[in-house]
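By letter and in written order, the chains are A, B, C, D and E; residue numbering begins at 1 in each of them.
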């Protein structure tokens, strides 16, 4: 306990949609059903969603954390490592499941079938964005480095245009890859859907360390809502509804469906808020990469960033302890 | 009106060679301006014939349309009714044959006196040193030697007017229109420039039309003095001056004509609305 | 006497010129020391200077700067020259104005960012594309300024030109140019500002080098000191270029009485 | 030339239509070149269909109004501030020496450089976006007002001195009207800049309604037809505002004797 | 120079009350302009005393510094040597007590005729309808009724000049400086305005200083005519006109004086450099 909290501010990716602000992922469900709002109201606390535009999530959220203008945020992996290495401490409260897929697209007529064929070629990749990491893990696995390619730093829209125009030989994309494929402009030659390559792009719920330490009860309420949302989404009967909600981002439902289809990770498992070994491994890798790429000057001990107690409590409270199977062997939880 | 103009031009074209240079015919000229949303007639039914090489003075009350008339003759405005025909051709635009001294001097503030005067030669195909010579000569003519490199804002009112005269004279137009060119000059300078104007006029046998408020000046220089009336601007009287040039300022004939014209100008105007 | 006066005044003005930047610097330093904002976000001038030296030692700054300046100058020069010519043409010719002005005024209102996909199709993703974007940003303000300036030339000036039947080159050099110097220079200054801005956006969206890219990566990496180096640098360079325009203006309007 | 054709070709309206029509024709031509070209250059018929759809659903109008509102407030606030600052700098050498250097230096810093600081000071809501739009309108008006005031002829200032105008009178009767032509040019710049800034900032950081947001969402969905409609709509509406201001300008500058 | 000015001002301050309104004393006035990098003396050693309520005419060759002198007296320029003292106070800036009609009319192009004239009352604390009345009255005085709502570019040269006269008269200054105010006017209008000027002058007993190139006009209106010389501008002669007002234009005395002054003006100038 500390001083009285009147408002809880959660930053989340938002899109303009039909003249209103639409949130993505779990926030869409939580906000849509008003769960968290009600629970907080019971404590006399107001909930404030802080929408962040999709183009600069990492930087905006990091600045907001540093400026103490938000308490929680659901966002990507690399930015949180950067933030913590700069001395603004945050904690991972609720993992975001297995994450989103990253794709490698080549022009329709290209002969390339794997990343190795593209060595020395020109690849469109928006630098500094979360999918860069997934891509570098692919390279690593193939014994390649970014410097083996001519990287054209292009944002997704420009990248798509460049691929269509044949200005690049490949394009690292998110689910927009399907749009290019559907139009016959590009062909997907690799994605994180492949079974042995679980390097999906992650986004989880983070909380400001100060806040979480001082107000664990509030953090618990927030965590409950996110776990509850993960549970709701993960039920097969809600998948269609969730995809419909997600389409507010502009990505047509068809691409979203393709994004989730044929994945080595099943729908239910995809949403499990698990502090598992893969998560810990992922963050260690992210930190190592960031250090190697000189994005940060010293790597934080990523294991210390996890605070698993809230998820554990939430699963218990929601009686979901066995929903996703036996609780995994938890990594060393923070403190 | 375009069709009409075409016919008129064609007709006169045929006679063009027969007519000597600098003959001006104005027929049924009238001109309106829009003031505050309604058309106000500024010139009405003007007929003037000026034989080549004549010196015509125009006098008339302030605002009677003298400057407007000169603007039309020089070809700056084609929104009028009637015909202005020069050497058999309808005037449709400006020409280097027609020069003008504007009532406000209109020197370009960013050019020095000599550059301003030199500008009048820009369209002529002359060697640069010939241009420079002519400019220098005309600067001397209007007594501005020593001020060649000076900007207009550093000139006095009369000096600017003299520079404007030099600019109009320097390319020796066939017809020269002068809008109160000597208005801002002292008596001595004025007399000198009158003499110069007359000399140039006699030398080139060019046609000159000068607006002035000085009846004495009008008579001293003009073969003919046109007296105008205001609202709308009309021709009230045309006075021939039957004296050879150069003239004697003290001439009895001139004085008699002067009194006559002054009388004409100072009686109650005969404007239809009786204003002014 | 008045000569000495004006010399003194010149010095005093130069001294005054430094006041506001100094004040800003001081209040910045003070805000840092007072800890008004988190240190990660409001870095102190000293840190920025360190970051600057670091980037210079790496040679990183020089290469970014070179890339940006090259794009800026090429794009700005091309765009403003075209804009100048186009604006003057529209200002002088009614027909050109009637034909071009609707499309011109429609395109003028559209952000360059919106054209990026089309520009990539047309110009690829190399330097040409970035230079074209910068040129577009300079073109429109300069063209508009030139057009308005030419349209604003008093009728009496144009009439004199007509009476002496000035050939087009003389007309442009002797009348249009001097009569429009201040407004056109204002347009150029605006155009330069726009060019900078669009360049940085373009570098952010689609480039591997340049000050904009450096700033954006700095932001992503939460290195506000690097961002501030960019801010200071663009400010100083922009200011220097702007001063250049001022000097140019002073030379071109010497005839004006002040 | 055929007799009926001539007046048609002379009409201002039709002359103005030549280039846009040519552009549309060219567009259509390019769009038929192949898949790749039709990615960015969507066939005109498709665009038209989507336009009807967007109009019918009211989406276009809704987003347009939101953008208009931001742009208008930005232009108004930023513009007025710009006129004030520019006028002050133009009228007072002291103010020019004091504010000028900082203004000219800061003016050149791209807005993206400010983002971290703006976020720091003003958070992440609508206000920073409005601030960006205000700044976009502010700069041209400062520059143009400054230039306008500075280019007022000395002789008119002298008349003001002889008539012993106070500061306000000098401002109202000499400085403002004298600078007006230039200020109006500044408004024309500011109009476009604030409009561009609104759409641009929506494009880059939109989370709410606005044409930029609509465009952004459409881009994400690769709906290039909607993107093109947005671009065209942005241009045309901007042009409409331009015409409005041009008309106003013509009225305010009726005292000028120009071509 | 400032220190000197302070002392002078202090000295004259003490006598301020004793001196009646509108008395002008100019002592050892000289003024230089920088032309092309070097200082050129435009006025040199000017001494003038004008008693309150006097009408002084100034004539002199073009460019001799008449307009410069008026600028200094009205207080637009303080970069001169010598003293200009009005009613015991050194002139340091403009004042509503001193009005001027500039040689170029200087109407604001963005204001209509009536707004331009009304502007001269802007600094006065009068009820709006009184202001409107005065403006209308002065528009009528200079014969511009019907043109109140017209912009300067729609006026003829003479009309603009008349509007400028109305602007200078409307706030009834104690000292009125007129720089060739009637130069662009026709004979009739000119005579009318001369009469009006005289009437106003006699009615308000204000001090008037008029620059003119018309010696007859200078003599007809002036109590005294100052004849100036050029390069540098000096006073050549001061001619008293010992006739009561209103005067008869045909008066023998006037004619004799006119010939005398014209002679003076048209003999070779006595400038030290002999130019002009």
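Rule of thumb we're sticking to: contacts are C-beta pairs under 8 Å (C-beta built on N, C-alpha and C of every residue); 3 or more make two chains touch, one makes a residue touch a chain.
Small disclaimer: the values here were computed from a predicted structure and weren't measured.
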item	value
For subunit A and subunit C, chains touching each	D
Maximum centroid distance from subunit B, chain identifier (CA atoms)	A
Cα-centroid distance, subunit B relative to subunit D, in whole angstrom	48
Between subunit D and subunit A, distance of the C-alpha-averaged centres to the nearest whole Å	38
Chain centre separation in whole Å, for subunit D relative to subunit C (CA means)	17
Where subunit E touches two or more other chains, by residue	104
Shared-contact residues (touching 2 or more other chains) in subunit A	56, 59, 63, 67, 157, 160-161, 164-165
Two or more partner chains touched - positions in subunit C	37, 41, 117-118, 120-121, 156, 216, 219, 256-257
Parts of subunit B lying in touch with subunit C, wherever the complex brings them together	74-76, 93-96, 98-100, 102, 104, 106, 108-111, 115, 119-120, 122-123, 151, 153, 171
Residue ranges of subunit B touching subunit E (in the complex, touch as defined)	33, 35-36, 59-63, 65-68, 103-104, 143, 145-146, 149-150, 154-159, 162, 179-180, 183-191, 213, 215, 262, 265-266, 275-276
Complex contacts: residues of subunit D adjacent to subunit C	12, 15-20, 23, 36-37, 39-41, 93-94, 97-102, 104-117, 120, 139-140, 143-144, 146-147, 150-151, 154, 181-182, 184-185, 188-189, 191-193, 195-197, 199-200, 203-204, 215, 219, 224, 227, 230-231, 234-239, 242-243, 256-259
Subunit C to subunit D touching residues, read off their complex	13, 16-21, 24, 37, 41-42, 95, 98-103, 105-111, 113-115, 117-118, 120-121, 140-141, 144-145, 148-149, 151-156, 158, 182-183, 185-187, 189-190, 192-194, 196-197, 199-201, 204, 212, 215-216, 219, 224, 227, 230-231, 234-239, 241-243, 256-258
Residue ranges of subunit D in contact with subunit E within the complex	155-156, 158-159, 161-166, 169, 173-174, 177-178, 180, 254-257
